[in-house]
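Written out below as structure tokens is the structure these notes cover.
As written, the chains take the letters A, B, C and D, and residue 1 is the first residue of each chain.
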């Protein structure tokens, strides 16, 4: 009887032991499934709105309607999965609240992608290009600092023409917009996978105290916490997760919300696999010791 | 069956209405699936996609090299009268002496110049990278709230033990020598774990982007 | 930091002096001790394994163009090809930069010449793959899987592609040794490789492998330089902890960054 | 010389090509002739002098103080604009070496019909397709040219690139599963840190501690704050400790290279 028990325990341990040698293809397939499933079928997951995201939301809420917001696009297709939902969430919020904004891009591809997004959301919400929003077009990244400093002193003179090549002064949205110094800009939002936030802080926030919202990719997020602590930026959307929290504030479930479910499931998969692997490891060690 | 038929006819319609976009889509899908196939095992499709990718990247970089570097920075300058830029071509041609048995040393001259530039820039690089890090390590151990003191003391301990771990020229013979270095190694491992964990999200975001491309743009099952 | 201020100039001068001083004293014949670095001993083991199995080694010198980490990687490559040439083991070197490619080819040719087997050098083993980071990675994956590589050595500056190389190498059962100054990639090498050379052990490699006095001296000088940095940091902590000092002389804490 | 005296800006491109070629042959030939006269025992010295001289440009630029009211010292403009451009141009000229090697390798595969030669053929086709449509899109203003280039770029460079990048997600799973075992104290520490950080960076982790207050002492134990603290304090300190060593290693390496003290790699070969 005892021997039987022992062998049964042994068999269980043996079964557990195999948990430490799961074939990698099985893991790859599992990952593909847990990533794809939430994208196809939205399921509810608890989403806590963190304070940097709330801060970004409140900044837009508080922005006076007669001022202009600037959305700075520094991303391209490489980080589209993180940067586009952030951009779209901000655009949607500004449009819902009837606040005017301008898009400016330092990446040619990102310019087109952001323009398409704004056009689509604008169509849905009945917003008119040139009256409710405008795209200042693409500027080479090398001229970024000069451009920012120019905006500080003279917006129409620095921007000159929009994405369609028409002079910006011909649009109603730009009437009365002179410069950041003049207090015509109520918000700057930067969407970027690279570390260019410091320029906005140095050349715009420093001299004019214009509120800044920072939307980095997940990798770059740690860079944002110092200026956030120092009050130099008012809010931050970290990668997809930040966009998802923003969507929940807007009461929507767009791409970022689903994608964040995928993020959660994929992280959970890794955690579960690590636990399983260790169960296998411990049981093999026990069996060896008993043997 | 019905779903597959509807999907196929949708794509067929796209090929008729916008052939360029449809072709681009299928090309990208082929490349994506071909690369992913390596996850199962090495196979002929992966091999083909790999070679096309390397070839196309070489072609792309050659074109970009001309269009974005040589033409604006070199050719346009010469043709606007800045003739000394001709020496850049002469310098560039010195690389090719690597293929000569007798005159291979001429390539050394240009390598030497490049290495000199790289090493001369190291002083600036060292300062640029380390000044902020050095000053960020000046964290007070007194005169701040106690949780900060604990945190700052820990940071100091970690920094010191990690640096001690990397001393090469003295033997870690006695326990007194070994203890800080071992502690440093433990802190290192903890930090590496944290780095690993914080990278996962970024990589998963990329994967989600690719999967979304397949599910949304191609299969049309996610909206 | 566009230009040096006086504190930076002084700091760098001290570091440079220490390193040069130790180099020249080592050249005059002072004996120097270097602690064991297990990962570097593993390089020889990896070459031995490939020789026993009669299969090639892959050596990736990182994806940077010719700069300091790559130069160090090429020093290690020289060591590896010399031993491998002696045993007649192939070393496949995929490169990510034209200039690095030419130097790697020269090093390899030299190694076979100095072992008296110039005919065994196969120019097809030194390959330029692509300047594109991931095209390079896909090519390395191809080499690892198709050439049945027995050992994979990765030395140099790596970025995201590090894990692609290391996991593929692991999946094909290669013995792997990696070393990189790119700190963010070390965790991935640790999880997938048999041995990982961490941090500035990477810059110690050429001294360790060649036992050349100049390099050993430099390594000892680097230790002194690190000690100087430790002292600077400790002084800074002391100053920061004395409220009176940093109240009246706040510039002491930003001595280096002040322009 | 020709480019200076015979061809003026605005002349037809083919004249410029001829003039540049002529200049290249004359000046380059003269330089080659001069270099050939250098006796072999002075060659190393010559290389050392060139290396040292090149190194002076950036180092002097860095250490010489900036005159008051100016943006830089006497070298700044030269070092940061001209030299940077020269290096870019030089390394682009060197790109040909790599492309030549790649095409030679696959050309041999093709001509000898080695197994897998059709892959080499595909590589050739992709190379020339990308190169030629690139130049086509540059020369021609027709939208078809730009479109073709764009489609090929997206399908054969951008898509496989993004996919190769994302494949890391799969590898990160298998690496974590295999490596994070409680084998030793070190491995366990690594596991623990990775575990907490992973949990703290997704909404589910944040949800676990969402009951804790947002401000005050207990807020420090909210998952996202624990996560941030780990990344900012212990992780940053260890990272700095490594990077100081690495940077000093690089500085020493630079010093040895600059002064031609370096040993090993290709420095010892007789010239």
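We take it that a contact is a pair of C-beta atoms (placed from the backbone, for glycine too) under 8 Å apart; a residue touches a chain by one contact, two chains touch by 3 or more.
Small disclaimer: the values here were computed from a predicted structure and weren't measured.
When you check each chain against subunit A and subunit C, which touch both of them?
Neighbours common to subunit A and subunit C are B, D.
Which contact partners do subunit B and subunit D have in common?
Under the touch definition, subunit B and subunit D have A, C as mutual neighbours.
Looking at A-B and A-D, which pair shares more C-beta contacts?
Pair with more contacting C-beta pairs, A-B versus A-D: A-D.
If you take the mean of the Cα atoms for each chain, which one ends up farthest from subunit D?
A
At what distance in angstrom does the C-alpha mean of subunit B lie from that of subunit A?
Roughly 21 Å, centre to centre.
Quick one: report the Å distance separating subunit A from subunit D, using the average Cα coordinate of each chain.
Once rounded, the distance between the two centres reads 27 Å.
Provide the C-alpha centroid distance between subunit B and subunit C, rounded to the nearest whole angstrom.
The separation of the two C-alpha centroids amounts to 17 Å.
Which residue numbers or ranges of subunit D touch two or more of the other chains?
61-63, 91, 94-99, 102, 157-158, 160-162, 164-165, 167-170, 172, 174, 176, 178, 180, 190-191, 195, 198, 201-202, 231, 239, 242-245, 250-251, 253-255, 257
Mark out which residues of subunit A touch at least two other chains, giving numbers and ranges.
Residue numbers touching two or more other chains: 24, 28, 31, 35, 218, 222, 241, 263, 266-267, 270.
Multi-chain contacts only, two chains or more: what residues does subunit C have there?
Residues 4, 12, 68, 71, 98-99, 102-103, 106, 129-132, 135, 138, 160, 168, 183, 186-188, 190-191, 198-200, 204, 219, 222, 226, 229.
What graph shape do the protein chains here make by touch: line, ring, star, complete or other?
other
So which chains end up touching which?
Pairs of chains that touch one another: A-B, A-D, B-C, B-D, C-D.
Under the touch definition given earlier, write down the residues of subunit D that touch subunit A in their complex.
By the definition above, subunit D touches subunit A via 158, 162, 169-170, 172-174, 176-178, 180-183, 191, 195, 198-199, 201-207, 210, 214, 224, 228, 231-232.
With touch defined as at the start, can you tell me which subunit A residues reach subunit B in the complex?
25, 28, 31-32, 35-36, 39-40, 79-82, 217-219, 222, 239-241, 255, 258-259, 262-263, 266-267, 270
In their complex, what parts of subunit B are in touch with subunit D?
Those in contact with subunit D are residues 20, 23-24, 27-32, 34-36, 38-39, 47-67, 69-70, 73-74, 78-81, 83, 85-93, 95-96, 98, 103, 105-106, 108-110, 112-127, 129-130, 133, 136-137, 147, 151, 154-156, 158-163, 165-166, 184-201, 203-204, 206-207, 209-210.
Which of the residues in subunit A end up touching subunit D in this complex?
20, 22, 24, 27-28, 31, 35, 45-48, 50-51, 77-78, 218, 222, 225, 241, 244, 260, 263-264, 266-271, 273-274, 276-278, 281-282
Quick one: which bits of subunit C touch subunit B in the complex? Just the residue numbers, please.
Checking each residue of subunit C against subunit B gives 1, 4, 8, 12, 32-35, 37, 66-68, 71, 98-99, 102-103, 105-106, 129-132, 135, 138-139, 141-142, 145-146, 160, 168, 183-184, 186-188, 190-191, 198-201, 204, 219-220, 222-223, 226, 229-230, 232-233, 236-237, 239-243, 246, 253-254, 256-257.
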